[in-house]
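Same chain, two partners: subunit A is paired with subunit B first, then with subunit C.
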Partner chain A sequence: MTFAKTLRAFICALLGVLLLGRSTANVVYAQVPAPDEETYRIAKQLNCPTCAGRNLADCPTETCAQWKAEIKAQLDQGKSAQEVLDYFQARFGPTVLQEPPKSGTTAPLWAAPIGAAIVFLIGAGLVMWRTSQRNAPAAPSTPQSEGEDPFVAALEREVRQSE
Partner chain B sequence: MFTDLGHLSVIFALIACLYAAVVSPLGAQRNDDRLVQSGRLAALMTFPLVLIGCLGLWYALLTHDFGVKYVADVSSLATPIFFRITALWGSQNGSILFWCLIMSAFVAAAMVRDWDAAGDKPLLPYVTMTMALVLGFFLFLELFLANAFLRSDFPPQDGRGLNPLLRHPGMIIHPPMLYAGYTGLLVPFAFCIASLITRRSDDLWLRSSRRWTLVGWAFLTAGLLLGGRWAHDVLGWGGYWGWDPSENKPLITWLIATPFLHSAMIQEKRGMFKNWNVFLMMLTFASMFFGTAFIRSGLLTSVHAFAASDIGPFFMGAMIVILAACAMLWLTRLDVLRSENKLDSAFSREGIFLIQNVLFLSTSFTVFIGTIFPILSEAIGGTKITVGPPFFDQTAGPQMAALVALMGMAPLLAWGKSSGAAVSRQMIVPAAFALVVMIALFVGGANQPIPLLLFGLCAYTLAQTVMEYVRGVRARMRGGNESMPVALVRLAQKNQRRYGGYLVHLGVVLMAIGVIGKGFYGQDTITTPAVKLNESFTVGDYTFTYRGIRPVPCEFNDCQTMQAMLLISSASDGRVLGAAFPYRDYYPMQQHTATIPDISGTFNNEVYVILAGWDNNGATASFQVFINPLINWIWVGGVVMILGFFVCFWKVPEREPAAAPITARRPAPAGAPAK
Partner chain C sequence: MKSKPLIIAGALAAIVVIAGVFVIALNLVAQQGARPAVGSPAPDFTLKLYPGYRAGLPEEIRLSDLRGNVVVMNFWASWCVECYKEADALEAVYRKYKDRGVIFLGIDYLDTEAPALAYLQQYNITYPNGIDLQQQIARAYRITGVPETFFIDRDGIVRDVVIAPLTEAQLSARIDKMLAD
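Up next, the complex of A and B:
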C-alpha cells in the first residue's frame, strides 16, 4: 500500500518534471514544414500510405511529409501536376489515387452503381407490371384509410383523385 | 473480484440466451405456455446479467485495475473519470460487451411489453428465439474471441490511455447511438422471422414492430449525425463526411432501413409488396451484420476502426449460416406472402414508393461497392485499390439528388391511382417558388448551373412539403371549424406518421442545402509560402493575421499542444471579426498527432482553420483554411429530422371525437378562416 503510494508520488513528480521541461522540448521537435498551394492541390488527389481513409494533404504523418516533399521536388523540376500524378500512379499503381480511373481495371467500379440503378429500376418496372396484371382477389382496390383523419382523407380524395 | 463476478455474469447471460432460444420454440410446438413464459423470462434476464458484466468492467476501469488487459489498453492513471466510464466502448472487446448491453436492453424491453394486449402472442416464442440467438451470438463473441475481462500475468504500472481521437463528446455519444440504432432494428427483424415461421400472411409483424423500427431508425440517424459532427470537430479534414468505411457502414444500413419504413406503409395500407418488405428487413439485418464483420475484423482500414483481429472469419462464417437460414425460411413461405391487391397504376403512391425503394437500394449498393472495393480488387486483381470521396460524390450524389426530387413528388400521389391533371395543379405553386429562388440566386451571383438546379430542386421540395401542411391545415380549418394553430396541432396529432414524416422530409431538404453549399461553394486553401509573424493572408471574405504560436497545457497531461493565434478581420472593410486558435496535439505514448481546428465565422459561412505547420519556433507558420458555406444547415436539418421522429413516435391520447362527418367540410361559416 505504502509502496503504491510512493510509486504514485514518484510518477506524479516525474510527470511534473516532464511538463515543466515541456515548453522548450516541444517547440524543437514539433516543427512541421507545410506544403505550398500547388503541392496541396496535388496531395488532395492522392492517398496517404499511412493515414487510412484520408488524403495525403490532410495527413500529418512523417511518411506523408516525405511524399509531399517529393511532389514539391518534382514541381520544382518543372513537371506539371498531371505528370506528378502520373508518376505516383506509375510507381504505386491506381491505388494511390483518391479517384480511381474510370478506365482499366477500375472501370467496373464506376459501372456498378449505374448498372445497379438501371437494373433495379427495370426490376421495379417489371414488378409493377406483373402486380398490375395479376388477378387479385375481389378486395376493394380503393385505398383504405382507416385510422386517418377524416378531413385529410376527404382532402386526399378531393385533391388527388378527382379531375 | 467484482470484475470476475461481471465475467461470470456474462457467461450466465449466454446460458440464459441459449436456454431461451431452445425453450421458447419448444413451448410453442407443445402448446405449453409455461415453457414460452420461461423462455421469455430467461431472455428478459439477459439485461441485468449483462449489466452486471458492464458494471464489473466499469469497476475495473474506475479503480485503475491494470491487471485487466482491457483496462490497461484504454485508460491510464491520467485519464479523467468521465473518459474512464466511456472507455467501456473505447476499444474492440469492451465495445462488444457494451453492444451486448444495449442489445439486451432492447430484448428486455421487447419481453416486458404487454403481448396479450398487443394481440400478437403467437409471435412471442419465435421473437424470443430470434433475439436470444442474435444476442447469444454476440455474447459468444465477447466471451470466446474478444474477452474484455481477461487478466494479464504482469500488470503494468500504468495504462496506455484512451485513443486521443475518441475524446470528444460526439464520439462518446455516437457509438451508443449507433449500437442502439442497429439493435433497435433487430426487433422488427425478430418479428419478421416470427411471422415467417408461424406462416402468417398479414401485416401483424409490421404493425407490432412499427414503433421499434422508428426508434432504431432514429437512433441510427442520430448516430450518423453525431459521427459527422465528430469528424467535423476533431479530424480536421474540413468537412463533415469523409466516406470512410466506418461511416459508410451505418449509412448503408440507413439507406435500407429508410425505404423499409416507406414500403411497410404499402403493405399496411394495401396489402401489397409483402415479399418485398421481408426482403428489405432481411437486407437491413444482413447489412448490419456484414458491416460489423468488416469493421470489427480489420479487413477495412478506417480512421478509427478497431485493430485487426481474428473475429473476421468467425463473423463471416456465422453470417453465411444466418443468411442462408433466413433465405430458406423465406423461400418456403413465398406462397403465404401473396399480394392481396392489384396495382391499379404505376402513377400512384405505391408506384412512386417502389421507385423510391429501388433508388435507395441502388444508392446503398453504390456506397457498399465503393466501401468493399479495396477488398474486392485485392481478391481479384491482387492490388488493393482505394476508393476516395470523389467516387462516392459522383455516383451516390446524383442518386441522392433524385431521392430529394421524389420527396417532392410522392406526397402528391394518392394511394391506388392519381390523376395527372390534379397532380400537376398541385405542382404550380412550389414550382413557381423554386423558379423565384433560382432567379434570386442567379441574380445574387450563383451562376454555376448544377448547384443552381440543385438549389431549385431543394426549394421545390421544401415548398411542396410545406404545402402539404398548408393543405391539411386548411382542410381542418374548413371542415372542423378550427383556428389555424389548433388545426396544425390536431393535424399532426391525428396523422402523426404522415406529418411527422413530412417534418423528417423537411429536415432532409435543409440538410441537402447544407451539403450543396459546402460541396459546390466551399473554399479551401493552404497558405503559401508560410506566413511570417504579423503577416496577413486572405481567403474569401476574410483576412487572417498570424499573431504567433505558443505551447499550451494539454487537457489530460499526456500530450504536447501547440496553439497558433490568428486575428480574423473582414477583407472588405478591415473590421476585426474575431480570433482563431487552431492547435495540434502530439501524443508521444500513442505516437499520434491530432489537428484540432478552430471553427468560427457566421452561421451561413463557417470559417474553419487548421494549423498545418510551423518553422523556426513559430517565426513562420502555415494554415489550412476552409470556408464552409451553409454547412450548419446540415446540423439544423438533422435536428429537424429527429423532431420529426418524435412527432411520429409520440403517443397522443385520443381526445377529439373520432369520425366527424366528412360532408360538413364545405359550409365554411363566416369568421372561421383567418382566426
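Up next, the complex of A and C:
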C-alpha cells in the first residue's frame, strides 16, 4: 500500500469518526426534555397547596412530592403540559396556578395596575401641557389706535381740560 | 404649583390600585363566608365519592339528602400525618354505628387520587369517601387544616367540631349524644 493510499484511508476513517460523533451529538441535542425536566417545568407553574407563596417545584413537603409524582404519572400517560395544568386547576381550583387566570375575581388585580398607569399618564400629560402653556412666548399684542387706548384717551381729556 | 397635578395623578393611581385590591379582598371574603358555628345549620354541599368507597350511596351525594341521619364528616388527606392516628378509630366506630342511622363521610382535602386511594386501602377504610373538588367544602366549613371533624345531627345542625385526631371513645361519646337527643 502506497503512502498516498494509506493517507487517504486514514483521512476517510477520520472523517467517518467525526461524522459519527457529530451525528451522535445531534441525537443528544435533539432529545425532547426528559420527563423529570418537563415535570419540573409544569411544577414551576403551580403553587404548593399547603405552604403559602411557595412554588411546587421547589417545595420539599410530602404533599408537593405527591403532586409532582402525579404530574409525572400524567406525562407518562401521554398527557400534554396544558392537560396536566387543566387537571390540577379542575381538581384544586384556580388558586393552584402560579399565574391566576385573568378573569372572574382576579380581574381587578390585572385591571388595577393598567387603570393606575392610565390615570398617571393622563395626570403627567396634563402637567406637561400646562408647563408648555406657561413657557410659551407671549403672543404679540395687537397694536391699538390712539383713540382706542384708554390711557391715551384719559391723557387727551386731561390736556383738553387744562387748556 | 407645577407638581400639584402630578401629586393628584399619583394619588388617583394609588386609589385605583388600592380599590382593585379591596375588591379582590371583598370577593375572597364573600367566597369564604363564616365558619359554621355549633348550633347553626351545616352548609349543604355535593361530594363526588371515590369508586369503591360509596357504601351503597350514589356517585354524587348532597349533604341535605342525608337529613334524618347523624353525619360524621371528617376532613383528611393522605399526606396528613395526624390523620393516620385516627384512621383506625374512624373505621371502627363507623362499623359500630353504620346500621344505627349514622353516616360517616370522608372528605379528601388537597389530595391526588392515587395516594388517596392507597391511604384508604392501607387503613381498610370502607365508609363513603370522596374528593373535595376545588376545596369548595373546605371553604364552606372554613377548615383550618386536617384532620377536622364535624358532627351533624339528624336535623342538619352542627353539634360539634374537633380540630384534632379523634379516638374511638371521643367519637362514640359524641355520636351517642346525638343519637340520644
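By our rule, the second predicted complex is superposed on the first by the 83 of 163 C-alpha atoms of A that agree within 3 Å, B and C clash if a C-alpha of one lies under 4 Å from a C-alpha of the other, contacts with A are read in each partner's own complex, and residues count from 1 in each chain.
Following the convention adopted for this analysis, a contact is a pair of C-beta atoms (placed from the backbone, for glycine too) under 8 Å apart; a residue touches a chain by one contact, two chains touch by 3 or more.
Small disclaimer: the values here were computed from a predicted structure and weren't measured.
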First, second, both or neither for A:91, with subunit B first and subunit C second: second
Partner chain(s) touched by A:99 [first = subunit B, second = subunit C, both, neither]: first
Touched partner set for A:123, first subunit B, second subunit C, both or neither: both
Subunit B versus subunit C as contact partner of A:63, first or second or both or neither: second
Partner contacting more residues of subunit A (subunit B vs subunit C): B
Partner chain in contact with A:73 - subunit B first, subunit C second, else both or neither: second
Touched partner set for A:131, first subunit B, second subunit C, both or neither: both
Partner chain(s) touched by A:109 [first = subunit B, second = subunit C, both, neither]: both
Common interface positions of subunit A, toward subunit B and toward subunit C: 61, 93, 105-106, 109, 112-113, 116-117, 120, 123-124, 127, 131
Residues on subunit B engaged by subunit A in the complex (per definition of touch): 77-78, 157-158, 235-238, 242, 244-245, 269-272, 276, 301-303, 305, 339-346, 351, 354-355, 357-359, 361-362, 365-366, 369-370, 373, 377, 381, 383-391, 395-396, 399, 412-419, 421-423, 426, 471-472, 475-476, 479-480, 491, 494-495, 498, 525-530, 551, 553, 557, 560, 562, 584, 586, 593, 595, 612-618, 621-622, 624, 659-662, 665
For the subunit A and subunit C complex, residues of the former touching the latter: 49-50, 61-63, 66-67, 69-70, 73, 90-93, 105-106, 108-109, 111-113, 115-117, 119-120, 122-124, 126-127, 130-131
Interfacial residue positions of subunit C with respect to subunit A in the complex: 2-3, 5-6, 8-10, 12-14, 16-17, 19-21, 23-24, 27-28, 31, 77-79, 110-115, 131, 133-135
Complex contacts: residues of subunit A adjacent to subunit B: 7-8, 11, 15, 19, 22-23, 25-27, 30-38, 40, 47, 51-55, 57-58, 60-61, 93-100, 105-106, 109-110, 112-114, 116-117, 120-121, 123-125, 127-128, 131-132, 134-137, 139, 141-145, 148-157, 159-163
